[in-house]
C-alpha cells in the first residue's frame, strides 16, 4: 500500500510536469484552452466512472453535481465576500451535502431504476436553475463574469496561472480517486458491482458503501464544475442538463471503464473529435454518430480497455508459462473486468 | 397555488369537461409513444433511448406524404409504416448487436441514432420548422359538450389512440401472435425451441414499438411544429409515463399517460407555476415508493 | 403421426459429434441412432453429457465436428427454431412452462404444423391424451404442480407435431407417484408410436418406459442395446449407472 | 487598460496563433498581412433552433459576397468562419476562443441566442477583438454598465425598445376597444419572463385600465399548449400577450385555431411577424397583432426589397429577424474596416463603430446608428402590424416613434440604476 502510494505520487508528479510543460513548449493559447477542457470534462468523466466502472451504478444525472459546483462557486465569488479557495471548499462541501441527500434516496434503487431516478433529480435541479432567475440568471446563466481576485499571491486572472492551477487541482483529484480505486473500499465496491448478493452475505453494508462512493463522485464532479466556471467565467444551466451527463457517459465509454485513466483518454478523444469535426463539417451529429457506432459495434468497449485487453492477450501469448509477475497482469484486468 | 379556482373548475361542468378532454389530448399521444417504449422494454428488455427519433420520423414521413399526395390517410400510413421500417432496420443492424450487453452500450447506440437521424432530417427537410396543416375534414368548429369545447381533430386523435391501444391490448392478450410475444418476453430460448423465429419476432416487436411512436408523430403533425430534434421532449415525457406506469406494462402506460395529462390539465388551473415540477415529483415519488411503477410486474 | 419419407433410415442420427463449451470439450464423437417408433433412453450419470447431447441435437449447442441428421437430412448448424421446424421436439429440463400463460395458451404457443404440414395434434387431442390438463386449461401454468408442469411441457411440444420427442430428465425432482404418472404417459405415447429420445439418470424409470438404451459417460457413448439386454448386463449397470 | 497594452497582447496572441496553427496541423493563414480578413461566427446550427444559425450565416455570407464581388476592402476580402455551439453557452465560449486563437479570426459576429451571447461577451472581455452581438435581445447585455465590454457591440433589436413599442401600440388598441382583461402565455425562461413583464409594465403605464387576470408559463420547446389554451377558454380574457417564438409559436397558434380562440381574444405577439413563423402557420388567423420582426414590404424601400430577394435566392427562404440583424452587422463591420484602412485591432474598430451611422434600407428612416454610450443599435423598425392570411401576411404597420422609445428607455435605465 505504501509503495503503491509512493508510486502513484511519483506518476502524478510526472503527469503534472507534463501538463505544465506542454503549454510552455507550445505557447499557443488554444492548446491551453483545449487542455483545460480535457481537464474539466476528464475530471467529470473520471468521477462518473467511480459510479459506473467501479460500482456498476449507471448514473444518468451526474451533471447535476458538475452544475452545483459551478453555480455555488460562481455565486460565492460574485458575492465578493470570500476568496477563491474558500469558495471552492464551500462549493465542494455544498455539493457533497446535495449528493448525500439525493444519493440517500437513489442508491436504494437498482439497475435502470437507479438510472432513471438520478435523471429525474438532475432534471429537477436543472429546472430549478432555469426558474430561479433571481439567483441563477435563468437560462442566461451567471452573467457578468466570475471575478478571480488574487489569493496567496496567485492571480488566476492570468491565463497561464489559471491553467497551472487547474492542472494542479486536476492531478490532486486524480490522486485521491486513485487511492479509492486501489483501496479495500474500492475492492468492496467492485464486489458490490459483480455480486451484490455475495457482498451483502459477507456483511457489507451495500447501501452505505454505494452512498459513500456516490457522495465522493459528486464532490469530484463539483471540482470539475468549478474548473469549468473559472475558465468560462460563468455558469450555465446546460452544465446541469442531461446532455452533459450524456457526454460524460460517452467519454467513459469511449476511453474505457476498467482502466483507471480510461475516462480521461475518452475526454481527450471526444474533445479532439469535437474540435476537428466542428471545423470541417456542420453535420457533426452525423459524423459523431457514425464514430460512436464504429466504436460500440466495432471495438465493443472503450479504447483504453481494448488496448489493455489486447496487451494482456499478447503478453499471455508470448509467455505461456506464467511467471508470478506475468500472472499478475491478467489477474489484475480480470479483477477489474 | 389557486385551489379555489381549481375547486370551481371541478364543480363546473363546462370547465370540467374541457379540462378532462385536455388531459386526454395531452395524454393520449404520450400514451402511444410510451406504449411503444414499454412494449420494446417488456419483450426485448432494452430501453430504446432513441424512441423520440421514431416519433420525429413519423411526423416528417407524414408531412412528406401529405405534401406529395394531399391525403391525410396516406400521411398517417406513411408515418406509421416509415417509422416502423426504420425501426426494423435499426434493430437488425445496430440494436440487436448490443442485446445482453451493458446498459451503456445500448444507450450509446441509441445516442448515435439520435445524432444521425436529427442531422439527416435537417439535411433532407431543412432546419426551419414545418407544419403539416389541418386536413379539410377537420376544419370544423369545436364540438360543444356540456358547455365545454372539444375540437373535432382531437376527438379523432384521442379515438385513434384509444383504438390503437385497444387493438394492441387485444392483440397481445387474445391472439396467438400476442401470446407468443408474451412468451418471448419470459423465455426466448424456449420459444425458439418450439420452432418460432425469435430474431424475426424481436425485429417485429421493435418495429411495432416504432410504429406506435411513428403513428403518434403522424397524428401530431397537423397540430405540432416539426423540427429536427423534436423527439427529445416527447421522449422525456414518455419516459416519465413509462416509469410511472411500470416499464413493460401497456395498461400502466395508459393509466400513467392519462394521469400525466390530467395533472397537466388541472395543474394548469390549480398550480400554474408548478406543472412541470409536478411531473418530475410524481415520477420521483413513484420510483421511491414503488420502483417497478404503478402496474409494473418486474421488481426493481 | 404421418410417416417420414424414408422408412428405412433412422429418424434421428447423431454422427461423431464433438461439442465444446468455450475451450473445454464436453462431447467426444457421440454416435446415436433412433429408429421410428423407438423409445430410446439416453442414460448416464450427472454430468455425463446427456443434456449437452440434447442441446447439440436441438441446435442450442452446435457441434464443432460431426453431424445431426433427421430422416437422413442434416439439421446440425441450423438455428434452434429451424431444427424445431424440421421435426425435432425438444423438451428441456426444469419444466420451462410460460408461468403467466394459461395451460391452453401454453399449448397455443407451441402449436405449429409438423415438418410435412400435418396437424396431427390439436388442443382437443392433447386433452384426450392428457385428461389431467383438460380440467385446468384456464389455469395459469405457473400455478400447476411440478408433475402437471412436466406434462404440460411435453404436451406443448407435441402441439408442434414433431417427428421425434426429446425429453430431458422428465422425472427429475418429482415425487414417485408423479414419476409413475409420467411413465404411464410416455408408455401411452409409445403406444401411439411416437418416437421418443429420453435422457435420464433414473434407470428404473427408463427400464420401465424405454425400448432401447444408449449409455454415455464422460461425453462418450459406452454402450448401446435393446432395453432387455441392458437389463441383463450388470457390469454396465454397475459401472456407469451406479444403481 | 491602455490601448497599447491591448495591441501588444493581440500581437502575442497572433504570433501564438501562427505557431499553433502549424502544431495543430491546420494550415490557416493568420495575421494582418493576409489578403483575407477572417470573421468568426459562433452560432447555433443544430437542434431545434438551427434556423437561427443558418439564417444568420446566410445573411453574413450574402453581405460579404456582395462586398467581395465589389472588389473587397482595398483588395482584401472578407471570409466568414462559422462554428456550431449547439446552443450550449460553454461550447459558445469555447468555439469563440478557438475562432480567435486558432483560426485567426480577427472579428467576431456573435450569432448566439441570449445565453450563449453572454458567454461570448465574457470571452471578448478576455480576448479583446471586435465583437458584434447579432441575435441577443436581452436588454442588460448592453444596457447594464457592469457588463460593458469595450469592444463589444449589439446589432439587434433590444428587449426594452420592443417593450416600449409594444406598450404604446397595445395601449392604443386597448383604449380604443376597451380591452381590459388581459392574459399572458409566454415561455418559462428568463427571456420569456422579462419580455412579458416589460411589455405589461409599459402597456399598463399607457393604459392603467389594463388588468392582468392570469398568466401561464409553458415550458420552452413544449410540444403541446392545449392546457394553456383551454385555461384561456376558462379565464375568458379580452386580450392575450405572448412572447412565444419560432416553432413554439407556430404550434401555439395552430392549436389555438382548433379551439377558435382568436376570434374571441385579441392576440398581441412579440415574435409572430417573422417570415418563417408566418409561412409555417397553415391557417393564419386575420387580425392578430404582432411586432415587426422582418418584412420585405416594410420599411417600404427598394434596398429592403433587394435585400429580401438576394437573401431568399441564397438561403431559399425569406429573411428572418436574425437575417437582417446579421446583414446590418456585416455592413457596419465593412464600414468600420474601410475607415481604419483595414486595421483589425479591436480597439481601433471599436473607436470607429462608436456612434457610427450607416444609411440602410433596413432603417426605419434614413440611418441606422450604433449608439456610442451603450454600443447598441437604434433606428431600426419598431412597428406593430396586423396579420392577413395570405402573403405579405402582415399589413398596416404602425411605426412607434423612436423619440418616444428613447425617452422611455432613459427613464427605464434610471429606474434600473443603469444610468
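The first chain written gets the first letter, and so on, giving A, B, C and D; residue counts start at 1 in each chain.
Everything that follows uses one rule, which is that contacts are C-beta pairs under 8 Å (C-beta built on N, C-alpha and C of every residue); 3 or more make two chains touch, one makes a residue touch a chain.
As the structure is a prediction and not an experimental result, all values here were calculated from the model.
Student: Find the most central chain, measuring centrality by the gap between its CA centroid and the centroid of all protein CA atoms shown.
Tutor: B
Student: Using the average of all C-alpha atoms in each chain as its centre, how far is it in Å between subunit A and subunit B?
Tutor: Between these chains, centre-to-centre, one finds 34 Å.
Student: If you average the CA atoms of subunit A and of subunit C, how many Å lie between those two points?
Tutor: So the centre of subunit A lies 55 Å away from the centre of subunit C.
Student: Please report how many Å separate the Cα centroid of subunit B from that of subunit C, as a whole number.
Tutor: The answer is 44 Å.
Student: Check each residue of subunit B and list the ones that touch at least two other chains.
Tutor: Subunit B, residues with two or more chain partners: 118-119, 122, 276.
Student: Considering subunit D alone, which of its residues make contact with at least two other chains?
Tutor: Residues 45-46, 188.
Student: If I apply the definition of touch given earlier, which pairs of chains qualify?
Tutor: A-B, A-D, B-C, B-D
Student: Show me the residue ranges of subunit B that touch subunit C in the complex, using the header's touch definition.
Tutor: 176, 179-180, 182-183, 186-187, 189-198
Student: Quick one: in the complex, what on subunit A touches subunit B?
Tutor: Going through subunit A, the ones touching subunit B are 52, 58, 105, 109-113, 115-117, 119-121, 123-124, 127, 246, 249-250, 252-253, 257, 283-286, 288-290, 292-293, 296-297, 300.
Student: Within the complex, which stretch of subunit B touches subunit D?
Tutor: Those residues of subunit B that touch subunit D are 9, 15, 18-19, 21-22, 25-26, 29, 118-119, 122, 126-134, 139, 141-142, 149, 151, 153-154, 220, 222-230, 233-234, 264-265, 267-269, 272-273, 275-276.
Student: Spell out the residues on subunit D that touch subunit B in their complex, using ranges where they run on.
Tutor: Within the complex, subunit D touches subunit B at residues 45-48, 50-51, 53-54, 188, 214-217, 219, 221-224, 226-228, 230-231, 233-234, 246-248, 250-251, 254-255, 257-260, 276-277, 280-283, 316-317.
Student: Applying the document's contact rule, which stretches of subunit A touch subunit D when the two form their complex?
Tutor: 26-31, 33, 37, 130-131, 133, 137-141, 143-145, 159, 228, 232-234, 236-239, 243, 275, 278-279, 282, 284-285
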